[in-house]
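Naming follows writing order (A, B, C, D, E and F), and every chain is counted from residue 1.
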Amino acid sequence: MPLPDVAGREKILRVHARKIKIAPDVDWTTIARGTPGFSGAQLASMINEAALLSTRQGRPQVDMEVLEQAKDKVMMGAERRSMIITEKEKRVTAFHEAGHALVAWMTPGADPVHKVTIIPRGRALGLTMQLPLEEKYSQDRTSLFNTLCTLLGGRIAEEIVFDEITTGAGNDIERVSDIARRMVCEWGMSADIGPITFRPANPLQGQAGQIMSEETARAIDTEVNSLIRSAYDAAKNILLEQRPVLDAMAEALLERETITRKDIEEIVRLKRQ
Amino acid sequence: MPLPDVAGREKILRVHARKIKIAPDVDWTTIARGTPGFSGAQLASMINEAALLSTRQGRPQVDMEVLEQAKDKVMMGAERRSMIITEKEKRVTAFHEAGHALVAWMTPGADPVHKVTIIPRGRALGLTMQLPLEEKYSQDRTSLFNTLCTLLGGRIAEEIVFDEITTGAGNDIERVSDIARRMVCEWGMSADIGPITFRPANPLQGQAGQIMSEETARAIDTEVNSLIRSAYDAAKNILLEQRPVLDAMAEALLERETITRKDIEEIVRLKRQ
Amino acid sequence: MPLPDVAGREKILRVHARKIKIAPDVDWTTIARGTPGFSGAQLASMINEAALLSTRQGRPQVDMEVLEQAKDKVMMGAERRSMIITEKEKRVTAFHEAGHALVAWMTPGADPVHKVTIIPRGRALGLTMQLPLEEKYSQDRTSLFNTLCTLLGGRIAEEIVFDEITTGAGNDIERVSDIARRMVCEWGMSADIGPITFRPANPLQGQAGQIMSEETARAIDTEVNSLIRSAYDAAKNILLEQRPVLDAMAEALLERETITRKDIEEIVRLKRQ
Amino acid sequence: MPLPDVAGREKILRVHARKIKIAPDVDWTTIARGTPGFSGAQLASMINEAALLSTRQGRPQVDMEVLEQAKDKVMMGAERRSMIITEKEKRVTAFHEAGHALVAWMTPGADPVHKVTIIPRGRALGLTMQLPLEEKYSQDRTSLFNTLCTLLGGRIAEEIVFDEITTGAGNDIERVSDIARRMVCEWGMSADIGPITFRPANPLQGQAGQIMSEETARAIDTEVNSLIRSAYDAAKNILLEQRPVLDAMAEALLERETITRKDIEEIVRLKRQ
Amino acid sequence: MPLPDVAGREKILRVHARKIKIAPDVDWTTIARGTPGFSGAQLASMINEAALLSTRQGRPQVDMEVLEQAKDKVMMGAERRSMIITEKEKRVTAFHEAGHALVAWMTPGADPVHKVTIIPRGRALGLTMQLPLEEKYSQDRTSLFNTLCTLLGGRIAEEIVFDEITTGAGNDIERVSDIARRMVCEWGMSADIGPITFRPANPLQGQAGQIMSEETARAIDTEVNSLIRSAYDAAKNILLEQRPVLDAMAEALLERETITRKDIEEIVRLKRQ
Amino acid sequence: MPLPDVAGREKILRVHARKIKIAPDVDWTTIARGTPGFSGAQLASMINEAALLSTRQGRPQVDMEVLEQAKDKVMMGAERRSMIITEKEKRVTAFHEAGHALVAWMTPGADPVHKVTIIPRGRALGLTMQLPLEEKYSQDRTSLFNTLCTLLGGRIAEEIVFDEITTGAGNDIERVSDIARRMVCEWGMSADIGPITFRPANPLQGQAGQIMSEETARAIDTEVNSLIRSAYDAAKNILLEQRPVLDAMAEALLERETITRKDIEEIVRLKRQ
């Protein structure tokens, strides 16, 4: 079952909203546009969450502000404000997230940054959230490459600022590896390998893998590596060139814990080289 | 159970048609000829679909037009007209499908193009449908090679026109890889490898694979690659030489959403170099 | 349970024949001799089939002619006369089967050709049937090599006559590969590899495979390949030298659909170079 | 449970013999000595078989002759005298078995040949039976090497006499491969590999295999091969040098179908070079 | 479910403490700070253990001392004082543990050593326990490298002092291997390999592994090895340079069986080079 | 559950001894010291066995002699005196066991030889039993190397004396391989490989194995081999130098079937070079 598109989402939101009291300022079309990639179940759970938060916060009706909070919770998990985090780890997290956000911001065509936070949510110490401008059904090579850059931005920022790297980037690196491997082996996006797919054997799922020579395995490794190295260099260049923006963003995060698109716009305007 | 041949299909169609009201213009022989590869179940579902569409459209009887719509639905899945697709993605899809269609059209001996559409159906943003002139029980090397060219035509058109490639061609590339591998490893169609079969091990299905040296694996890789590269070059040549036809076809698709064999004939007549 | 020998087959045939009306011309000894390799179940089913055909054809008793038809059906599957096959495919099939038959005919010591047909049966578009003169409990290297030649004769005939190859030879090639691999890896028939067996690992059947070096895998590959190439060359030589016989046989098949040993004898007598 | 030794076998035979009528010439000690390697169940089944044969042959009591027949049946399976075998295959079988027997006879320290037959038994067209002089609990390198020679003697005799090889030696070759591989990988009998064991991985039996480099795999392959080649050369030398004995033995088999140790002694005495 | 943080632990401790009699000197905040990494279940079991020990030792209430004993038991298993250990093994154990402790102590930024003991507990002959100063949610490359050094310190001390090595370090080495492999293959901490993950295939858990060339495998091996060698050299340097501290610590262990942070401070103050 | 230590064993023995009549000469402390490595179940079964033997031999009470017999039975399996073994095999066994015993005796630090026998027990034709002087919880590299030498002593003795080798050493060689592989791959005892563990994949136990390059596999093979070769050379040197002791020990075994530590001391005193 495919995800609902914007019209579908609006319809789903309105259905679930019938059960609760809604403030007059709520504009369902805006909310539908701001929730691309949400499933029907996620939309329903967002409305429920908004009703709960509204009650808990003593609001008479579900308004736009509480819907925004509910959306964040559905997208990023519950906040874990009680977690005690050392000053050092907070700083590392702030620069890590600022690294993601700054690379995304500076990459033409990347999905716009929606919000960046260093309040722990779920298993993460911080989060950078991007929201696409429009719904897309396929992705082009350039935007996949931009995703690689953005994912690597966190680790690189740690490296530049602290001359140290942490296990915290493990999940970013796994996603980078997965996307780069699919670009080469599934989507035919390496000129050297060409339009051909390769699938590792997975016996438990009845998949036999292809016959593959060591030479081909080496060519694939080389391409995947070179893709990741290019993204790494591109992201590093951005962060080195825009170091003042990076620092300002991290400081803003340490001060305010969460910054939004508008805050970033302001910082970039002031500090951009 | 083998698929019914043309006589079988006509018989099956007539059996199912007994239950519904049929317009006098319906010619079962023509329809049977136009549905090669349909199973008995698909033919039955096509008649049912036609009856439903007929009622929905307020037609007194099932006529040839509604049967054609029903056939498209069975072959390609239901239309998803509600999907909101960006202008950019629509353009990419139009050129992608035009690429498939043009390569198929220009390749002597390829199955004729029946219809091309950029109305989303099922999981696809667009479709190019070919219908064989006659039923064939085996395929020769030339027509398999033509299939490779046609499948690659979509990706290549994107590359030529937008200087960009997308994940949308992933499925085409998987089919290309599968056919090219079977040509070399199952049908003995590579002169270098010769008339010998190779099967990767698939333990869960009790298949052990052959003993195979690295040297043989390399030879197979080389042959599969060279087959795909040749098809790629052949398809690219067609699209580069016939760029005006490609552009005209894509524009026609953007304008009319669906074009048929006759439309293509017209475009080709006007624009062919 | 081993297959019955000629005496066993005659006994089995007589047991099952008790239930039906038999014409005086039926000679069970002849039939037993003509059904080597039949299992008890196949002999029983042949008698049943003969009884059915006899009734369907309005014959008063089961006679030799109807037993021959029943034998063909058991050996080769039911005829599928309703299948509509293009002229082109019929020609390809005729030359393919003539290729098998001619190589078998010209190879000293190969099992004699019993019947050749281009009437589709089961999943095959045509069939060449050989019947051994005597029952053998083991096979020598020469007769296995002859089998490789005969199996390859179909594909080679297509190549020579149409300069094209088809997927139709896929099953022949799989059998060629299987026999050649067993000659080298199971029956010790390659002088280079010597009297040693190699078995690929098959974990689901509890078979571990041997320790095997890349060098040995390469030697096995080389031997299997060279065996198939030699058989290919030998078969091609026969078909090139006896092209008039090949053409005449194919034409006879296109005209009469089925030809027997006697027809081939006649053609060979007239056309042999 | 280990196999009974000679004292154990005599005890078991006497227990089972209580149930039947025994001729006064029966000497249980002799029979126990002549049945090394028999399990308790096999000894019981031998007594039962003897009782049955005795009745069938109208003998008043179970005597030494009928016990010998019963022993053969238990060791080699029932005779299949009804099998119709071509003269050609009979000749090949006679020379194959004579090859086994002659190599065993001429190899100092090999277990003495007890009986050779070309009457089909079970799945075999012929059999050469050796009986050890004494029971041994371990085997030395020399006697394993002799077993390799004896097993290869059948295939080599076919090669020398008919200049042809058959699938009939498949089982001999599998045993040769198995013994040679165990000599190298399990019993440390190759000087080059040394006293170290190697076990291929067998996941279904929870065995992981060792880490093993390609270099080691190659060394193992080389040793196994060289062992088999040496045995092959040794056996071939015997058969070439003693060709008149081979011919005489095969002719005796064709004439008498079964020959015993005494017959072979006589032939060797007359024909040995 | 994530582990509780310091506030969570204090809450859990207080809940479980309600059931028992607590001495006035017990300070839950201190205890919560001293039990980082404890799960809720471990905290509960620590309180129970303290109650049991208190009764067994005839104490009127659970006091700080008995809580410390309970904490040790939960962290390290029950003491096995009855085990008879040879003088030789006791000495080896003392130097092994002193090796761990000294390397940890001398490595800036490593977690402080809490306690070292040569009283056998569970399956271990001795233990060195470190307690982090603060809770960390991710680990940086430097502290992982320090862990490698500390783990190797035990084996190296044996080597330096006794010129002998034992199986006792097997578990340390397994942890070293695991951490070094994850640094290279999971956390992207090798500059040569870069930010990319590699996962060995694990069919039973449905994980297919990546396509990987021999070249990449070699690069990974080289990096993992070089990481371990560097940690080995760093740890060895510390132990060679601070040999008097190592000797004094081992002697203190042999005399007192358990030494704490304060004892180590004293030894280091006196003996440090 | 860990094995009981000496105090534990004495306690267990006394508990089980309550049920039987014990001679005044029985000293449980001595027995507990002489049964290192015995589990509780083995100790219980030793007492039961002693009671049975005592009754069978008509002794009024369980005395030290009968306890010694019971201990041998539990450690080595029941004697199989009825087995008929050829003189040749007896000689080979005597030298094989003398080889084990002599190498163990001459290796400083090896566990002392307790008893050597050529009376078959369980599946073995002979046994050499060593008893450690003290209980050890870990093993050092030297004592593992000594175990390799002792295990190889049997095979080498056969080689030196008979210039022949047998399958009888298969089990020794398997243990040698296993220990040498663990020294290199599990206990980090090869200087070339270093302190790193390697584990072959074992899918059924959910173990994935590590990524490993061919180069590393080769290095491991080389180290394991060189370890075994060194042990082989060391053991061979001992046996060649002390050939008179070897001969005397084997002759003593052939004469007396079982020799004890004292007998060996005597032989060594007389014959040592």
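In the analysis below, a residue touches a chain if its C-beta (ideal position, glycine included) is under 8 Å from a C-beta of that chain, and two chains touch if they have at least 3 such contacts.
What you are looking at is a predicted structure, and each value in this text was computed from that prediction instead of being measured.
Trainee: Among the other chains, which touch subunit B and subunit D together?
Mentor: Of all the chains present, those in contact with both subunit B and subunit D are C.
Trainee: Give me the step distance from subunit A to subunit F, shortest route via touching chains only.
Mentor: 2
Trainee: According to the touch definition, list the chains common to the neighbour sets of subunit A and subunit C.
Mentor: Intersection of subunit A and subunit C contact lists gives B.
Trainee: Same or different interface residues for subunit B and subunit C, judged by whether over half of the residue numbers are used by both?
Mentor: different
Trainee: Just curious, how far off is subunit D from subunit C if you go by their C-alpha centres, in Å?
Mentor: Distance between chain centres: 36 Å.
Trainee: Just give me the whole-number Å value for how far the CA centre of subunit B lies from that of subunit F.
Mentor: 73
Trainee: How many angstrom lie between the centres of subunit B and subunit E, each centre taken as the mean Cα position?
Mentor: Spacing between the chain centres: roughly 63 Å.
Trainee: Could you pull out the residues of subunit D that touch at least 2 other chains?
Mentor: 198, 201, 203-204, 207, 209, 212, 214, in rising order.
Trainee: Assign the assembly's chain-to-chain touch graph to one of these shapes: line, ring, star, complete, other.
Mentor: Ring.
Trainee: Output the ring sequence of chains, start subunit D, direction subunit F.
Mentor: Read from subunit D toward subunit F, the cyclic arrangement is D, F, E, A, B, C.
Trainee: Which residues, counting only subunit A, touch subunit E once they are in their complex?
Mentor: Contacts found on subunit A: 82-86, 89, 92, 123, 125, 152, 155, 164-170, 172-174, 176-177, 180-181, 185, 198, 200-205, 207, 209, 212, 214, 217-218, 220-221, 224-225, 228-229, 232.
Trainee: What residues of subunit A sit close enough to touch subunit B in their complex?
Mentor: 2, 5-8, 134-142, 144, 186-189, 194-198, 201, 203-204, 206-216
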